[in-house]
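The data blocks that follow each hold one structure.
Shared between the two complexes below is chain A, which has chain B as its partner in the first and chain C in the second.
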Partner chain A sequence: MLDFLQALSDGVLFGATYALIGIGFTLVFGVMHKINMAYGAASVGGAYCGLLVLQVMAGAPPLVVFFCAFLAGGLLGWLVYLTCFHFIPITNPLATLMATVGMLLLIDEIIVHTTAGMPMAYPAMFDDVMLRVGEFTLRGDLMMVFAVSVLCMAGLLALLYRTRLGLATRAVSQQTVAALLCGIRVGQVNATTFVVTGLLGGIAGAMIGASVGTLSPLLTTPLTVKGLIVTVIGGLGSVPGAIIAGLMVGGFESVLQLYRGVTERDLYVMLLLFVFLVFRPGGLFAAKGGRD
Partner chain B sequence: MKKIALAVALAFAATGALAQEKTIKIAGFGAKSGVVRSFGINSEAAMLAAADQINRAGGIRLADGSKAKIKIDYYDDRCTAEEGISVARRMAGTDALVGVGPTCSNVAEPLFGILQKRVGNASDSGLQFPIFTDVAIKGGLAQISEWAFRNVPNEMTMYSSLFYWLKTQHPNLKTVYGGVEEDFAHSRATWYVVMKNRAEANGYTVAGESKWLLADTNFATQVREMKKANADIVAISAHPFSTCGVLKEMQRQGVKPKLLVGLTSTSSLETMQGCAKQAEGMMIPTSFAPVNKEATAAANATAKFKGSADLHSMAAWENMFILKQVMESEKLSGNPKDLQADRRKVRDGLAKLRVTKGLLGDTKRTDDREADKPYLFVQARGGNWVVLHNPL
Partner chain C sequence: MDFYFGLAQIIGVHTLIGLSAYIVLLTGQVSLAQAGFFAVGAYAAGMLTVLAGWAILPALAASALLGAAVACAVGFPALRVKGLMLVIATLAFGEGVRLFFFNFDYQVAKGGVKLGPLGGEGFRQIRYFPENGWTTMDVMLFIWAFVVLTMALLWWFDRSRYGAVLRAVGEDELAAQSVGLNLTAVKVSAMTVGGAIAGLGGGIYAHYTTHIEHASFGILLATFAIAYPILGGLGSVFGTLLAAVFVQGFLVEGLRFLGDWRNLLFGALIVVAMNVRPRGFLDAPTLLWLKRLFARTGGGSGAA
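What follows is the complex of A and B.
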């Protein structure tokens, strides 16, 4: 039982990073009804950019690295919007999808060429802290990752439901034409959405780097896959769904690894996705469709 | 006027001589994109550095007494089998005499399968193109084709020697726990076929093993299993990214084995860049370290071509000098019309070798076209790999 609880808690805490990645996918889908396949790669790219601080200021505190990753993630999000959505006919869903796939590969290769594919040490906070209750332990750094993720999610929800920008975002998400008629600049809202999701992605990438302790271009593909799984299970376009699904997938994965081993783990995660697609295709909290 | 005429005549003569200067093309191939890109970069740099040294010394002496310069073309196989096979077919279609590569065992295995199995078998339409591997290390692959040769270390011998030495140095240590990256041909084979087997053969009890995948990010469960086993030695057969992830998780969970053993490929700059602090004390057998004048010079020459010297890239360096020796002893024509005959001569010359000169000493060649290279044990200390013991 202790092993089960331990695996579950480790997985759920780590699942917070999946939730952040899932939110990025789901928010873009919610607003533009498009999938941004480059999101995972841009998140890892943002985390790498955070390391540039250490080149300029050797020994800079981890918080500065995370903040730089956060800003770089936003910039990358905007660049992805410009290159894959702004200049490409939005009416052609395949064009934007393929553009983001191309961007995923491009970002991945830029990272690989810049770092020669070498893993790089990533700073962490509270990595030497371990909360112990008898045999049960909780990693300090994972709790910090969880806390940062929760703060980001809370910040995002506040932005969406307490600000004019959030109102505009929700309006575009629900009825683009009506939003246009109300004078909302849809292009600007879309670009802002990419910047906001990019900021979240940068933090997600940094948190993943901090929790593993190392950053590698190997992370881009699994993060993209996990992000998509979380988005589908949570319900396309649903931010609370992505949060719950991220934590759920993290816990599920960790428990399955304990009982079925690493070679079967991903098989069961895919099976879970399949079950959702068959029995609940709208996911846990499918967003209600707009009247468009 | 006479002076101008003389200068023109000399210029024409020089142009003619240049036109006649022969070139021997050697094709390098390996991973130059993707996460194992550093292997390809380092091998290419080592090949270019070696070719530069050979060319500056005059080049390769041909059958007619003339000299040919070496030219290197390096191809990216992206560490995927299909791309590797495609690259091999492309190389065989050029005027390249021999291929040096690949990086990954999962490329080498199917690639050797498309070469002619037995030399001279007219019914076998496989490629008749010699391949001399520098990096792909999974055991026994050269047996697949008589056109395949390897200059990679013999991990079975190296780990046997390492565990034997550890037994003599630390007789009180009894148990070994394994950590294995399950989805990479080399790491998987090295744990199940080599490390585990050699540890048991040297009297250790294998207390269990934890498994993970190359791109995994969470190692908490695996390290907890490791902690429960409480083994004296932890042997990790994984590449730097996941090795670093596991070592950092071991540090968090307070897992401190008495000894730490790593995979041959991990004795590289990558590990030091990813987790020097956590890797402190890790012991690895390797077939290269800059321990003598020649090895240091090779490492410095490779650095000038923006590559780093390790057991893999220095095998590429050695391959170039072995090929020079073979080309000269087999008296190549170097003419384009004799390309296939020259390829056969290179193959036959490589097959004849019994001993080759390596950077750490003589390398014995086996009947199945593999190498038995000299090696030493290195240990991670203060962010560097330092020589711990020379067992030979």
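What follows is the complex of A and C.
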């Protein structure tokens, strides 16, 4: 029982990073009705860019590294928008999908090329702190990851629901044509969404690096798959859904890792997705009708 | 010379997996599960010839059937969700299949040697071709016979009522439904045909490489599968062939002198190609132009 609780809490804490990635996919989907397949890779790429600080300024505190990953993620998000969405006609979803897949491969290869494929150590904060309640422990670095992720989500929700930019974003996501008629610059809103999701992705990548302890290009594929699964389980286009689904998937996979081992773990996550597809295809928080 | 035959084998198998994605793409659905069907076919055909001692042709037929059956079974739940959800569902399915074979052990001792799939180690010694004395050229001709057959079949589909139905669903689902087409039946049938082609391709792949492992059937292969028809254009089956030749022949082999940079170029090239030609190399206007060109030269020689 204790093992179960321990695995569950570790998983839910780590699941916060899945939630961040899921939010990124879901926001872009909500605004443009397209999937940005390069998102997972761009997030890991942002985290790698954070490491560049250590090259320039040896021994920089982890906070600076995280902040740089955050900024680099935003920049990468904008680049992905420019290369894969801006110039391709909106009526051609296949071309944008394929272009983002190309971008995924490109970012992945750039990482492999510059690091020679070796995993790199990532700085963490509070990794020597352990909260103990009897046998039950909470790892300090995982709690930091969780706290930062929650902070980012709160920031995002505030941005979406308390600012004019958020209002414009939600307007475009609900009715693009109507938003256009109201004088909202849809292109600009789309680009901003990519930058915002990129910023979130950068911090998510850094948090994953911090909790795992290393970054490796091998992270991109599982991260992309998990992020997309979280998006579907939460309901495409739903931000709260992505948050809850992210924590859920994190806890679920951690518990199954305990009972079934690390090689079979992901198989059960896929099964969970199919259970949702069959019994609740709209996800936890399905958007109301009319959406593709 | 064997090098070129080997290259032709790779291009042939990749054309097959591209064609399997092509027919699904015609209905407007993007399936990233083709690598999964391919893996199912590869393991099934390998086990049939190695463990059960079947001949190659029945084994390939069985792998195609199995691929079709799996695709049909996946198609029903997955196609309940539309468009982008399907991309995710099929992506997860493909990864699921890969992980299944990563954990799949089934070994039988034969003549003192243990044969069969062994989890992460993969499945070695699928030696049907060498044991029966096939040369590289024989294998290549064998593969291309299947490629030509499949292309002819799909080309004929394109010209039949079935092809029109597929394209109608792909262009506008609502319009297709309102003229009385059963969307689910059409999509699942396309998925099934695609699964059969992928299973066949997988069976062939298992035999010419002689060693398969789960890592070969990952997202990269699924990406290649949809990349060929999208890069080549959905106007004609020849687009897929052209893209497979271009990617495998030119990008992967022709640019080998660039070393690691070649992989960078691949991603960048897809991005550029999609920006410049969003409808693929052989899009509708290009096809029309080609058709006119051939009609003119054909007519000219006829008159002379």
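Going forward, the second predicted complex is superposed on the first by the 288 of 292 C-alpha atoms of A that agree within 3 Å, B and C clash if a C-alpha of one lies under 4 Å from a C-alpha of the other, contacts with A are read in each partner's own complex, and residues count from 1 in each chain.
The rule is short, and it goes like this: a residue touches a chain if its C-beta (ideal position, glycine included) is under 8 Å from a C-beta of that chain, and two chains touch if they have at least 3 such contacts.
This is a predicted model, so every value here is computed, not measured.
Visitor: By the touch definition at the top of the document, which applies to A:101: first (chain B), second (chain C), both, or neither?
Guide: second
Visitor: Per the contact definition in the header, classify A:221: touching chain B only (first), chain C only (second), both, or neither.
Guide: After superposing on A, A:221 lies in contact with both chain B and chain C.
Visitor: Please indicate which partner A:69 is in contact with in the superposed arrangement: first for chain B, second for chain C, both, or neither.
Guide: neither
Visitor: For A:83, using the defined touch cut-off, is the partner it touches chain B, chain C, both, or neither? Pick first, second, both or neither.
Guide: The answer is second: A:83 touches chain C but not chain B.
Visitor: For A:7, decide between first (touching chain B), second (touching chain C), both and neither.
Guide: In the superposed model, A:7 contacts chain B only, not chain C.
Visitor: Considering only touches as defined above, state whether A:141 meets chain B (first), chain C (second), both or neither.
Guide: first
Visitor: Which partner does A:277 contact after superposing on A: first (chain B), second (chain C), both, neither?
Guide: Touch status of A:277: second partner only.
Visitor: Check the residue A:254 against both partner chains and state whether it touches chain B (first), chain C (second), both, or neither.
Guide: Touch partner of A:254: chain B, not chain C.
Visitor: Between chain B and chain C, which one contacts more residues of chain A in the superposed model?
Guide: Between chain B and chain C, C touches the greater number of residues in chain A.
Visitor: In the overlay, answer first, second, both or neither for which of chain B and chain C A:236 touches.
Guide: Touch status of A:236: second partner only.
Visitor: Determine where on chain A the residues touched by chain B overlap those touched by chain C, and list them.
Guide: 109, 112-113, 221, 263
Visitor: Using the touch definition up top, name the residues of chain A that touch chain C in the complex.
Guide: Touch list, chain A to chain C: 29, 33-35, 83-84, 87-89, 92-99, 101-110, 112-113, 221, 224-225, 228-229, 231-232, 236, 263-264, 266-267, 270-271, 273-274, 277-278, 281, 292.
Visitor: Going by the contact rule at the top, pick out the chain B residues touching chain A in the complex.
Guide: Checking each residue of chain B against chain A gives 33-38, 41, 182, 211-218, 220-222, 224, 240-241, 244-245, 248-249, 251-254, 269-270, 273-276, 278.
Visitor: Using the touch rule from the top, collect the residues of chain C that touch chain A in their complex.
Guide: 25, 30, 77-78, 80-85, 87-89, 91-93, 95-96, 99-100, 102-103, 119-120, 218-220, 223, 226-227, 230-231, 260-261, 263-264, 266-271, 273-275, 278-279
Visitor: For a test of understanding, state which residues of chain A touch chain B in their complex under the given definition.
Guide: Interface residues on the chain A side: 3, 6-7, 10-11, 14, 109, 112-113, 116-121, 127-128, 130, 137, 139, 141, 208, 211-214, 216-219, 221-222, 253-254, 257-258, 261-263.
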